[in-house]
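Next, two complexes with chain A in common: one pairs it with chain B, the other with chain C.
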Partner chain A sequence: MMTQGKLQGLTKAVDVYKNRYKRLRELRAEGKKIMGYVCAYPPLEIVTALGYIPFRILGTMDEPITKADTQVPAIICPMLRSMLDLGINGKIDFLDGFIGAHTCDCTQKFSHLYQYNMQLPFYRFLDVPHVVHKPSLDFMKEGIRILQQSLEKHTGQKLAPERLQEEIKKHNEQRALVRQLYGLRKQDPPLLSGVETLQIVLSLLCLPIEEGSTMLREIIAEVKSRPQKIQKKHARLLLWGTPLTETSIVEMIESADANVVMDDICTGTRHFGLDVELTADPLDGLAKRYLDDLKCPRTYREATDSFAADQEARFGYIAKYVRDWKVNGIILESMKYCDTHGYEVPAIKAYFDRLGIPSLYLEHEYTMVALAPLKTRVEAFVEMIS
Partner chain B sequence: MIAEKKKGVITRLESAGLVRPLVNKMYSEGNLAAEEGRPVAWAMVNWWEGDIIMRAMGVTPVYPENYGTVCASDGIVQKYMGVSAAEGFPTHLCGYAQNALGYTTEMKKEGQVPPDAPMGGMAKPTFMLCSEGMCDARYKWFQSLRQYWDVPIWTLSFPHPDFYDLQDESIHQINIDYMAAEIEGFIAFLEGLLKKKIDYDKLEEMLANQEKVFQVWWEINDLRRAIPCPVHGRDFWTMMVPCLYQAYDPQTLAVYQAVYKEVKERVDNGVGALSEERYRLLFAEIPPWASLGFFDKLAERGWNFVAESMGYHPPPPMELPGNGDIKQRIARWTYWFYISHVYRASKKGYYIAGAAQPYYNWAIEYKADGMLIHPVVTCRTATFWLTHTINVLKEKLEIPGLSIQGDIVDITLFDAASALNQAPAFEEAMDHFRQVRKTKGLDW
Partner chain C sequence: MNFAGIDIGSTMTKIVIINESGIVSQVIGPTGAEHRRLANKVMEQALTQGGITFDDLTYVVATGYGRINVPFADKQITEITCHAKGVASIFPTAKTVIDIGGQDAKGIKIVGGKVVNFVMNDKCAAGTGRFLEVISDALGLGLQEIGPLALQSKTKIRISSTCTIFAEQEVLSKLADGAPIEDILAGLHEAIAGRVFRMAEKMKIERDVVMTGGVAKNVGMVQAMENHLGYPVLVAEEPLLTGAIGAAILGREFVEKALQRGEEIQKGARLLEAASFFK
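== the complex of A and B ==
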């Protein structure tokens, strides 16, 4: 059987997406070290600069939760419960360390419980503030500094600022490639489907940065040169919401006479959309990018002028996506029990109502089996747009 | 039959009755302030990080979380939750939040406090004060209210160090410095909004009172280690309110001093809150406010609740070093409240349980026989650790746990009758594990 390391382009992305841990196990067998992390907030530049391959721990909608339910009640985020389950059941058995984070309340608690169960050789927790005041940025920088020092101590290596700058450039390069990839969906019909895009992005979360970037270059060339594959459809949709760990929801939407052409999710643009500014002290750039620039509802931004100004501060960047990708409808997707996204729903809906962009809120249970009733609602929504 | 029914019923503290006027004052003062044109803030519980600053600036805080319990007891919460859902808010959100979102929608529609709002409702805020502390609802909910109240919002910062970090002394000062810097920002925000300067003498006076309140309220709870326990959880839930919301107030100090006196007398005379204390239990975390009578039924069986509700306890006497700067002191107390259980346990040599540490400590210090947990359908924060906690207590201390699901406001979700049916079997488990603990050398 061919190793994933030798595969190329879209074939590789699909294979890595379908067998997500295979490449990581191959790399570990070669002596590489793997660092698990949660959410889009841990600064991966430090992780890779100190020799680890970052792996974003995600749950799966494909498998029922078993042992985790003996530790966490069922009203907690199903993705986190699934992530814990995969760990306890030994499915993710290739980690050399774990970076937890206070991104939302449940992820904070999950981080502790995950390490309590897994007892990995390296563990560090990043306390990410919810606000973006000046002291919060300083605090974030301090947290990143402590993470760096902990990892330096663990590895016995010292990370020079120049080396970190180089690493930031490498990550920014990958981000630029992902933006190019997303750009292929601006035309109508898009050159790349929503399902394909999600497969590619999810596979990137399981690959070394350089390997992922090489794969992205191959994919971009491949897609540009292949015959038009995606059909023109009535709806060009943007998908906003909680992380997607499988393509099933996008498949369901795209089977309903719609193309998903853009997203605002943290296994998508939130993760890859923004560069780290190259600052004299690289930690300044990292703190700003990961706390302030990264737009997730978990971060609170004061806007004192009016509710309209508040909405603009929270959702204005999505409106730009809508314009640039010629979106004519928005799916607001959230897995059940995600409070962070749940509180946003009326405000974001009102914002896009004001802009004349219809939206549909879909709450799902994070299981494959519960998607059928949602499809009927998506079909009705697409028909309404048409 | 009558004598048997009375057996085990809770002997409530007489001095606990002194708390009621304070609570009434808290509920009425917001409306009074609004009538008199003084600023009113809708505030989250902030564990003393912002309250005395507001008070020193002449702002009267009202607490929508608390108002959720009022609406739950009144029964109107179902209406407000329905209104919230009709506004598009998911029904799994915090029950208190759903209540406030529904209430606010009605208030905006009516153009005044809704006529059916219990206890005179909540006056329109001048601004809103969120807290990052411990749960996401406590900043997201007010952010959601922004579409109804076009008023400024401030969010108080609250570091969440990992439990594994709490033994690292260097982390603490970083966190406190951050909080103090954010408190400075909050003061500047208030000064700008209210166009006046804070009175630091008044703030100092309030902080000094607050520190005394912490001390005496902590001592009261420490006395509950006595066997039999002199104060049942029912009295705790009544008495915790002034410390959490009115620690600045000299009246609160006077009430707690009276409570301390009564509790000390009970301890000195071997008097318990139950005539026959058969079992000593811990409770986590938020009780079913509208069904507290359930605990009376358990008291009839000799179940005494000796420690409970970590989030409602005062911080213990301060052990963190630090300077006398008032912003640092305010920050230090809130931070100490958050970390003290793990910090103190590690010093005592029984750091073991991470998030379950508060209950682990109490299980040892209060000699608990069992633990009752109340998973709350609309509160992930209070519910996340519950299963883990009873697992840890069972694995490490041979203390069994019982889980009874309910909610903080939705009274339809708590089934007291079926819960009571589980009591006899759980008593057998508590009896059994008493024996097991003895064989393992545990001293209770």
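== the complex of A and C ==
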């Protein structure tokens, strides 16, 4: 039985996607340490610099919830519920530590509940501000410093700034590779599908950084040289919204005569996005990148002179994706009970209506089944924009 | 040339065949578990009625919930696009379609015969024909009786619109209290109309408003919707057929465009047989 470590390129990505914890278990058996974390906000550079492999804790659409309902209310989003359930049921049995975060309110509550159930030897909670003023950036920097100090204490290691800079460069390298990969979808037809892209991204979240980067290089070469397998379709869609942990919804969209050529989701561009700037004090670069440059609706972008200016501040970066990837329709997907995304929908729809870019709001239940009604909406939307 | 549109809804199957002079034949039959894979039987009925054979059909478009179970269709198009086309052909001034079927409700905005926006409720029976069915059953009345009865009410009684099952309980308890049946029915119609109105209003309803779907045949429902809108609603002679009409027209437009461009018309497998899907 070949270890997942020996696989390469797209084959490896798909294998990791199908067996998310296999590689991490292999590495742990070799003596490596794994640090779980939530969302895209904990600064992974510090985690890896102090010797841990980061593992982004995600839910799964594929398993029914059994025990989490005894600890969380009905209106928590289905993904967090699943994350808690997997933990309680002992499915995530390979962690040496956990970094929680206040990204949305429910993730905050989840973080404490998770540690309560998992009792991991290292646990730290990162309090992430909701606005991007100078005081918030200072606060974020302090939070990161406290995280670093507590992990240093736990590991008995001191992390020199130069060492952290090196680590930042490695993570930036992976970010650049992801951007390169996404660049291959600018073509018409794109060189890889939305389904493949999601599989690759989800696999990166379960692999050590360098291993992930090597895999990305192999994939980029593979995709550039393989015979064209994606059909040209009129509908070139951008997917905005909540995390997707399985390809079911993207598959459904791409089977409705459309190509998903770009995304603004956090198991997508939001996780990788822009590089961390190399600042004299590396914590400045980290604070700016993780609080300000990371675009997610959980962060409140200050209103300026007018609603239009406000919308531009919040969504302008997506308009750029639309132009650069020649997108002609936007799918706003949100799992049920996500207030963070739900509240954004009217404003983002109004913004794109104003720019003349059609959009479709799809509220889903974070499932792999019962997608036919959603597919009818996507098909009607594709018919509408054709 | 003859063009067929087949609309397989969750409750009823509708077929319309058109040619240059207009509608050649139209058939409405129940879908149902047995009939689900037997769209071919309904098609044969429509062909007989029109006095033509299957090979006389230039193009067949299937729509509706069961559109994938039509082995003889050349193309599948969603019911949203088909209803818009059908309504626009009957009522050129239509800007909003409110379609209430057996198990779903839709709002569609039209500009120039094309869909520009739509909303759907296909997750919950409240606000659909199913709601009316459940309640009429509970009251021991036929579906065709409840509309006219509702119009006789002087004071409608408020019925919750959140859930069909809870509404049923409410109705029975109000009956037990001695409430007049026409007042209860008026409240019921108002509950559905209110729900559907709120859903459609997300798209900003504009006149002229056309109601389609089986529920549009209910005069009580049409009145309740007009009460919300504050102006009259248009209803086709046969509101169940607009989807199939639209599908047939879309088939014709597709073929005409292809002929204009000198393109070959891609047809489907054309198997006039039962859907093997369910074998």
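Convention: the second predicted complex is superposed on the first by the 386 of 386 C-alpha atoms of A that agree within 3 Å, B and C clash if a C-alpha of one lies under 4 Å from a C-alpha of the other, contacts with A are read in each partner's own complex, and residues count from 1 in each chain.
One rule holds for everything that comes next: contacts are C-beta pairs under 8 Å (C-beta built on N, C-alpha and C of every residue); 3 or more make two chains touch, one makes a residue touch a chain.
Computed from a predicted structure; not experimentally measured.
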Check your understanding: A:A221 contacts which: chain B (first), chain C (second), both, neither?
Key -> neither
**Study point:** Partner contacting more residues of chain A (chain B vs chain C)
**Key:** B
Practice item. Determine, under the contact definition given at the top, whether A:L278 touches first (chain B), second (chain C), both, or neither. Key: neither
Check your understanding: Is A:F307 contacted by the first partner chain B, the second partner chain C, both or neither?
Key -> first
Review point. Looking at the overlay, does A:L355 come into contact with chain B only (first), chain C only (second), both, or neither?
Key: neither
Exercise for review: Identify the partner contact of A:V131: answer first if only chain B is touched, second if only chain C is, both if each is, neither if none is.
Suggested key: first
Check your understanding: So, does A:A29 touch the first partner chain B, the second partner chain C, both, or neither?
Key -> neither
**Study point:** Sites on chain A touched by chain B in the complex
**Key:** 70-73, 75-77, 100, 102, 104-106, 108-109, 111-113, 115-116, 123, 125, 127, 129-131, 133-136, 138-139, 142, 146, 297-298, 300, 302, 304, 306-307, 310, 334, 336-337, 339-340, 342-347, 349-350, 361, 363
Point to revise | List of chain C residues in touch with chain A within their complex | key: 65, 77-81, 114-116, 118, 120, 122-123
Revision key, fill the gap. Within the complex, chain C is touched by chain A residues 373, 376-377, 379-380, 383-384
Point to revise | Residue ranges of chain B touching chain A (in the complex, touch as defined) | key: 87-90, 92-94, 97, 130, 132, 134-137, 139-141, 143-144, 146-147, 150, 152-155, 157, 159-165, 171, 174-175, 178, 181-182, 185, 354-355, 375, 377, 380-381, 383-388, 391
